[in-house]
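Structures follow.
The same chain A turns up in both complexes below, where it pairs with chain B and then with chain C.
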Partner chain A sequence: MKIAVLSGKGGTGKTLVSVNLASVAEKANYMDCDVEEPNGHLFFKPMIEHVESVKVKIPNINNEKCTGCRKCVDFCRFNALAYVNHSIKVFEDVCHSCGGCMLVCPENAITEREKPIGTIERGTSEKVQVHTGILNMGEASGVPIVKQLIKNETRDDQLVIIDAPPGSACIVMESIKDADYCVLVAEPTIFGTQNLSMVHELVELFEIPFGVVLNKCLDEDNPAESYCNDHRINIIGKIKYNQNLAVLNSRGEIVSRIDPQYQTIFKLILEHIVEEVGYATTSRT
Partner chain B sequence: MRILIPVDEQVKDTDVCMSFGRAPYYLIYNTEDSTYEFIKNIAAASPGGAGIQAAQIVVDSKAQVLLTPRCGKNAADIILGADMKVYKTLNPSVQYNIKAFLDGQLNPLTEIHPGYHNHGGN
Partner chain C sequence: MQQLLVLSGKGGTGKTTVASALIQLSQAKAFADCDVDAPNLDLVMHQTVEPMTTNYFGMAKAIVNEEVCIECGQCQSQCRFDAIIHKQQKEAYVIDLNACEGCGVCELICPVDAIHLESVIDGQLKLYKDERVFSTAQLKMGSGTSGMLVTRVKKQMIEQAIDTDVAIIDGSPGIGCPVIASISGVDYVLVVAEPSISGMSDMERIVTTASRFGVKTFICVNKYDVNIEYTDKIEDYAKRKHLEFVGRIPYDIQAVKAINQGNTIVDIDCASGCAVGQIYETIKKRL
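Up next, the complex of A and B:
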């Protein structure tokens, strides 16, 4: 079962929720897909057992074979190629590694070469397998890292917690597309509610069952909660604003491992999801 | 000599467009016969890599000089690679800038910005 944790903006508590959901499970895989700033490993402090490189394919042009027909330039919908001064120029950062230019070239002047864009670290922290995607500095897109991160861990019998990047862009879609359930984490602010509405729209589009965890709740009106009520969204957990929690979190502690109160909160959230996904699976068949 | 300027509209007293890659049209002024020509910039609607596609259109237009308020890195790689000269416009007036260039009043564009990529998030 794959559970993706996402939010429209950074700092709502995605990592808090995903790290703790993985920690209260019998056994879990935690996938840090926030490849631009992965931070789950700061909590798990895993023993790294395996490091792999993530590479993408970039066209390599043989200018001696190229006749300047421009079929590749016209084909590339990302505009990663240009024809200047009788040679093809490749813009690596814009290339999406689709390989189309190589296919349309009538002269077989295009081959592919591999370009490293990041790494994946895999390690263990107690009962959690920790997988961290890391994008090299200066690279444009972390999507290939997320693809490789999730592809290699797709056994259905294992619990996988996906810590998604913030927002609702391509890399978030890549992180959640095979999820059985999405947890949307929201803050009690108007800004937070606006961002909640963006990820809400996204998960509706993907038709993935979902629920909201309201984080940093105060004893006053919560616009995110009102949004959920207005849209009949299931609230599967509430975490009160608590200074001690913030202190522990900022020290890189996993609160459910040291505080029974939080262990209960996250266990209940996980049980709720497992039950709902189980129900969804049964009702689909 | 053919002078190319990114512009807002398809008329000769139009304004210089603030964007190079996403300008709706390019105006080409031919100094030999004082004629104006317009090219529609199909890259303006491109979801990504607009500067690259636009620069390709611009170098294919056989202009020798580009007058623009700014230009991104990818586009500059193509334009400078094609040996075009790039000068910085001083104000929105197309006519003013053509005259200023011919009088030697425009400076070469030296600030190449890194681009406004990933706004769509890819």
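Up next, the complex of A and C:
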């Protein structure tokens, strides 16, 4: 079963929720798909067992064969190629690795080489297998890293917790598209609520069952909670703002491993999800 | 025009809270929200006019003419983005528009010219213009062209704002495409860091990314009292990297109240607002 944790707005507590859901499970795989700023490993501090490089393909121009016809330059919709000083220049940062330039070249002057854009680290922390995608600084897109992360873990019998990036762009979609359930984490501000409405739309579009965890709850009115009530969205957990929790979390402690109160909160959330997904599976068949 | 961009690396550290306060304090005549896939600045800027909205066309996407398609499958085998799906009941291939990046390889390869590329609306650009210019946008769900839209948002702001000394830009989290697009061309970056193990790690990644553009970078810490040890570490880091540390903002429940009433933290009298006031005084001397 795959559970994706997302939020739209950053800093609402995606990593808090996903790290703790993985920690209270019997056995789990935690996938950090927030490859621009991966943080789950700072909590799990896993023993790293395996590091793999993630590479994309970049055109390699054979200038001896190139006749300067510029068909590749005209073809490239990403403006990743230019003909300067009688040779083709490749702008690697904007190349999408589509391979079109190679196909269009009449002289077979273009081959491809691999360029590393990031890494995936795999390790263990107690009963959790920790998989972390890390984008190299200066690279534009972490989507290939997310694809490689998700692809290698498709066994249905394992629990997979996906820590998604913020926002609602392509990389978020890539992270959640195979999920059986989405947990939307929301904070009690109008910023959090506006961004919650966006990811709500996204999970509705993908027809993935979902529930909301309200984080950092104060005694004040909670606009995120009102949004959920107005839209009949299932609230599967509420975590109160607590100075002690904020401090433990800021130090990189996994609260459910040290405080029984939080262990109970996250266990209940996980049980709820497992039950709901189980129900969804049986009702579909 | 001097452009100050507010970034953070980690999400939710308070970029929009700080940026909106700086806009009020500096009485900036031009500002923009470049967090195009989760924009929020519009909620606290008291716009007096309706926005002028224009459609944003991102990359063109492939469309298969099912009548012409002969199901040879060459497009599918060449597509690097797994964007082409065989629909048996339709006896044709169709494009997954969410996965398609608009490269045009399928159009090139199709032996019967069944595929062409078509522009699609990938979001909306918005412009609020009264005595101030406010440029913002909303990216379409799941789109892969956020960097292009960020560039448009900034361009719209610059074109509309004439005779403006300072422009404040609210950035997006992370270090990827939209962030890189937002840094290009700005004069100063203010990083709002959070005093935690995650905040520290993310701050270092955004500072390194910004340094590649040679932009002068300031650092401040929000909710500094949640973990003073990490606040000190961040200040030390700034010193080591010769970046100016411009201040500490306390955790302040009044800030949540101000935001939830649609105000910035300097529209009311509160501790976090005062702290940003001091940060502004420091930055102002440098601009």
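The definition used in the following text is that the second predicted complex is superposed on the first by the 275 of 285 C-alpha atoms of A that agree within 3 Å, B and C clash if a C-alpha of one lies under 4 Å from a C-alpha of the other, contacts with A are read in each partner's own complex, and residues count from 1 in each chain.
The rule is simple: a residue touches a chain if its C-beta (ideal position, glycine included) is under 8 Å from a C-beta of that chain, and two chains touch if they have at least 3 such contacts.
On a predicted model such as this, the values are computed, not experimentally measured, just so you know.
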### Message
After the superposition on A, what does A:202 contact: first (chain B), second (chain C), both or neither?
### Response
second
### Task
Figure out whether A:249 sits in contact with chain B (first) or chain C (second), or with both, or with neither.
second
### Task
Report for A:141: first if it touches chain B alone, second if chain C alone, otherwise both or neither.
both
### Query
Touching A:37, do we find chain B (first), chain C (second), both, or neither?
second
### Message
Under the stated touch criterion, which partner chain does A:278 make contact with: chain B (first), chain C (second), both, or neither?
### Response
neither
### Query
When the two structures are overlaid on chain A, which partner does A:91 contact: first (chain B), second (chain C), both, or neither?
first
### Task
Would you sort A:78 into first (chain B), second (chain C), both or neither based on which partner it touches?
both
### Message
If we overlay the two complexes on their shared chain A, which of chain B and chain C does A:169 touch? Say first, second, both or neither.
### Response
both
### Message
Tell me which partner touches more residues of chain A in the superposed arrangement, chain B or chain C.
### Response
C
### Task
Starting from the residues of chain A touching chain B, keep only those that also touch chain C in the other complex, and list them.
78, 96, 140-141, 143, 167-171
### Query
chain A touches which residues of chain C in the complex?
8-13, 16, 35, 37-38, 40, 43, 59-60, 78, 80-81, 98, 101-105, 108-109, 139, 141-144, 146-147, 172-180, 194-199, 201-202, 205, 208-209, 212, 226-227, 230, 251, 253, 256-257, 259-260, 262
### Query
How about chain A: which of its residues touch chain C in the complex?
8-12, 15, 36-37, 39, 42-43, 57, 75, 77-78, 96-100, 103-104, 135, 137-143, 165-173, 187-191, 194-195, 198, 201-202, 205, 218, 220-221, 223, 243, 246-247, 249-252
## Note on the structure
Per the touch rule above, chain B residues touching chain A in the complex are 43, 46, 48-50, 52-53, 55-56, 59, 74, 77-78, 81-83, 117-118, 120-122
### Query
chain B touches which residues of chain A in the complex?
73, 76, 78-85, 89, 91, 93-94, 96, 140-141, 143, 167-171
